[in-house]
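Naming follows writing order (A, B, C, D and E), and every chain is counted from residue 1.
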């Protein structure tokens, strides 16, 4: 039994069957990639997992518990973190503050009033956030307003914020899109390192095959809302249907 | 400031053809921080120029400055497009003069359907490809024509953004990371489209993180680093220069 | 110090000192001079500065931090006032139970209103709060007359029970007091032509203001404050980081409702009367304007905004043509009349015009409110012209 | 006592009137009257009603030889704002008396404040019973008449004009003054045989009254009583006339509209709609001309006011002017600015020559008792100020009630002790 | 039964007033995203356009009539309108009588000019500023406009009657065969109702059947991008503002015979019209109009004595109560669009 079990999930948008009968099992402590053509329903699936969308039918179990019907923050508290396709960060806050918030959320749960203590006195949290920034190469920008960062950096920050929560399942929606090659490689390294260091399951959506093949242990190919195949990277690479429908000639080469 | 600068003297500019789009001494800033400092480069008619550099190098800033968006602001420099002074224009005037920008976050307009997004591009002259022709190029959009633009999948939005630029009769296409978020097959598609566009004589500036891919398509390349130009030459030159690639592009 | 950074501690110290010395600072002109009109150092106005300062500080905790624009905050102030005066009528003219009740009742009311209104955001939230406040106003004015005294409102009466106080001797009246210290009692001091009034009620209000200000600094700098700013910045990220934005916003709403209640309680403590128009939408609008005028989201801004509006309302509105003639008597007659015709529309009954113009000027030229004005002045004084220097480091050629 | 002007050559009066909000024009007229009164007290101008005033204590040399100065404030017709300006006049400007205002809510609030602070309050426009009823205060005085008096004066005239077999429908502004006025008119008309078919409360903030007027059309009422004032009155009356109420016949009688409390400014606002409508007033500028010298003082006042400002004074101006003279006179007679001495001098004071005929400031509740003027909107006005015609002046005994009348707080209503302050 | 019909009629009439006022507001507020607290002031200025026109028409010179006396006993001065000399006595009287409809011609250019000046001079700098700043600046402007009107026209309401031809009432009862005089309704209110429908329909058609509407909607959502497509959005916004101001002003002109205008009538309507717009749903013109009618009808019914007997005070709060219920059951009001003014 995987840590994440998706069974018979269906989702319609008006006349469009965005997800049809999706079954997916993600094994604990693996990196599972979901790839597929644009509009295949990958992001929709992710939205179902984090509680942003409610599927029409089907079940989603995380670690033996159903996530359906829970609020997004509850699902997050269960241990699922998500990086968005377009960066979602706290633009009005400094980079350091951005990093502290998930650490607080991790420590204190969904709601806790610390109305009187000072942020500065939360040394442990500040330290942890600083460390995280350091490892993301963002330490220099710690007092900058995060809104004025370039987009690549915003995305890195967001990944860092999710990692800082030490989730059990990390969902990444195209984490390296728009990142410079160097940073893409850094991100791959970062994710690998995280995976080595702690128990974490990663589900990643990505169109950059370099990233997918460097990280993934298993790959599910989604097309028109249905899983087409699920296999190891090597098998997927050679799969004729996948090559034709998705990879094309250059990427597969 | 009004006289058109003489580009031929500067060794840094390729002297193959008269410059079609020329950027000279441009400085651009947001608020009080100067991002792009004194850059000059030329683009020639019909060519594809790859504009490369790390995250935060100032590529987007450069494109936005050329398209005369409100931000960044220009504080020095001139931009000429086909004998017209872009630096004196507002963004809608620049657009009417022939600039088409596909912004990096796509900027699909909320509240409008796919088709309305395209129609919107065909209100102000000059108008380009018909909507039918665009649907032909991106059948996926034809299927989704009545859906609200912002609910499209990431890749579909990218197609819509490119299509929207082509819906206008543009002279220069500014593409900010057009491949981002697209399935490899689609990237191939768009690349093909770009070649078609090029063959029709449209000049393109292409910003792309996948440098190799971009360079293979381009005639020339400009590399930016922290707001300044560090390289201006032919695309083949970059592909051949290991050190350059390693230092500024990390490939 | 006190758990504050140096900068915050200095700010608090300045506020404290200004509050303590307000009777001097606000009365810069000798009593007999023509400019005595501009003196604001009399008890009632000083109390109003403090009370509306508290109201605005509280409002800013909600609006400045979370960005939720409540257009019905005056309801909490009004409800606080009613609760306060009932305590003073039923229990004792000592202000402590009254103020305590104001805070508690306003807090509870805010809890209900906030719980419902926070289900929506943006303008929808603003209209929900407005609707609650307008209903409170309308009901207090009419149907609830038995409880609220209707249009006339409530005052202390001779025959109020006041079970904790002893019976009054004939001829005596009940005075709002703090363990016998009469709110209305003042000490006057004369220095030559200057006169300064030290009023008990004002000092109590000022003390509460300083405490309220201190508390708001602590809230701003706390993790809670950071969470509130996070809500304003990106609610989506907030929820996908495992944080439940609703209770945070509700807590901020209730806290700011309690601040409003406290202000309402202090109002009846200083001046033992309540009327329903305290809850009318214009009163809610006023605190919004105070906060924006001073600088939303800044610590000191709301207090400045409150001060400016109350100053205009009480000082500019009282300048009548007689006073103008007194000021300009030294001019030649024709000129005097001309100047007075020019100035007259802006003072006295035209004070609203001046107010409107000030609103527009401030928001046009100082987008960050009065606080930004202060910052610009400081920058000017320090000769730091940030923009110039930036240009110079990047010379054009 | 508070703000004793003993060691000064001047004395400061506080004129607290609405200068913004819907009653700003009324406040402006009140202020004109105050300025005129100050002029007269200081011996400038023609002396106005000082010439006709039965008490001759005033010399035209200020009050007790001190030159009269004044400060003004804007009540905004809000009790909070009115108390703030009153306080600033007392605390900052050293006013010994506060006077003015144009609503009962404000009057009650400021009166209570003056009681606390130990200064005299002379009310301006306030018509609700409560001001000198259940909310009466030792330091507060009202020259203006009140709801009960309106009822007592109007009812006989109405029954005479319209008969005793009438069915009345009341629209009442939903606040204290509305309640007391409705009660007064109801009680006095019902006593004379009218039936009240319905009484509906309308929100103070209402601007369009059509939804309240149409049910009147449907009822079998044949008289509509509008217990409204200010914009409420202007709008409800205009609406009622638009809906053709005045042209209607019900129960074979011509439908009639009554507005218990008239005001010249409001009549002007309602325009042609006021024609033929009955109401009551405290005073009218044509009183002496039409009803003779019982109302002596009226012409003198109209003359000084008219010459200074170019139009006749409103009843608001009149009552404010009179209150100022009465205060000054009381100080002279008491020989002191001490509020308690002034209270003593005013209590039970009988006077004449101030335009209302013989008048008593009753000691028990500090309410003036005098004739009430019943008026009707004029059909063919001769000029823009000639909006109402005087129907009769109801003699004072018809409008006098017991100080402990239930409408006025009964036996519980107490003036309390006068307060002279610190 | 008659009572119900009358109350519905009333509700429709009142609703059309709300809808018309809210319409102008929603053009600026729901479409351009500017929280315009000066909208009430525009409505008020419209009303004073009517006052001004009737004052201009009655502009007079004075002759002294020795036979009559004024209130001080001096010879009476008689005013003779110049217009009598210009177009003759009867035509002059006709024009004076028709002052309100005539002022429409005057109000349209004046209001458009005011709207355009306001947008160019002030509002255009505030599109990107926070709503709070917009509130402060437009509120300040509203106060200034009010005070100017108060300075010149005073605070007291100024009666501005409808043309005498419209002063009577229409007998619906007889018309519908329900018996004479059972349901009568003033002509002018019917005119107002019809006028509202025409204006509302006109604005709809303009926004619906021209691309203008789409461009403005798009510009509101994302100015930058619309600029990139070669469209000069600033100009469209200015036009939009001018139209909105004209709509507000016309609503004001036509309203004057119903209630005498005074300088703060705008503020009295302001809050209500915000409520109507928001209940209708941000960004939806249809919603605003629907909400206007809905609230108008509900208010009418809440004013009935029978209702008030069971629920005292309901007339005071019905609009707010209904607003709360609607906003809680429908997140974006009746027909609001997603993402408009939700932050």
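Keep in mind that, in the parts below, contacts are C-beta pairs under 8 Å (C-beta built on N, C-alpha and C of every residue); 3 or more make two chains touch, one makes a residue touch a chain.
All values derive from a computational prediction rather than experimental measurement.
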{"item": "Any chain in contact with chain B as well as chain C", "value": "A, E"}
{"item": "Chain at maximum distance from chain E, centres defined as averaged CA atoms", "value": "A"}
{"item": "Selected pair, greater C-beta contact count between A-B and C-E", "value": "C-E"}
{"item": "Computed distance of Cα centres, chain C from chain A, in Å", "value": "46"}
{"item": "Separation of mean Cα positions, chain E and chain D [Å, integer]", "value": "35"}
{"item": "Inter-chain centre distance, chain A versus chain D - centres from mean C-alpha coordinates, in Å", "value": "75"}
{"item": "Approximate Å spacing (C-alpha centroids) for the pair chain A, chain E", "value": "52"}
{"item": "Touching two or more other chains - residue numbers and ranges from chain D", "value": "20, 24, 28, 174, 201, 203, 205"}
{"item": "Chain C: positions in contact with at least two other chains", "value": "138, 141-143, 352"}
{"item": "Multi-partner residues of chain B (each touching 2 or more other chains)", "value": "33"}
{"item": "Chain D residues within the chain E interface of the complex", "value": "20-25, 28, 174, 198, 200-203, 205, 207-208, 210-212, 214-215, 217-218, 231, 234-235, 238-239, 242-244, 248, 265-266, 268-273, 285-286, 302-303, 306-307, 311-312, 382-383, 385-386"}
{"item": "Of all residues in chain E, those that touch chain D in their complex", "value": "2-3, 6-7, 9-11, 13-14, 17, 68, 70-72, 76, 150, 154-159, 161, 167-169, 181, 184-186, 188-189, 257-260, 262, 264-265, 268-269, 299-300, 303-305, 308, 312-313, 315-316"}
{"item": "Of chain C, residues touching chain E in the complex", "value": "63, 67, 69, 116, 119-124, 127-128, 130-132, 134-135, 138-139, 141-143, 281-282, 285, 288-289, 291-293, 296, 345, 350, 352-353, 355-360, 362-364, 367"}
{"item": "Residues of chain E defined as touching chain B within the complex", "value": "211, 214-215, 217-218, 221-222, 224-233, 283, 337-340"}
{"item": "Complex interface listing, chain A residues touching chain B", "value": "13-14, 16, 35-40, 42-43, 85-86, 148-153, 174, 177-185, 207, 209, 245-252"}
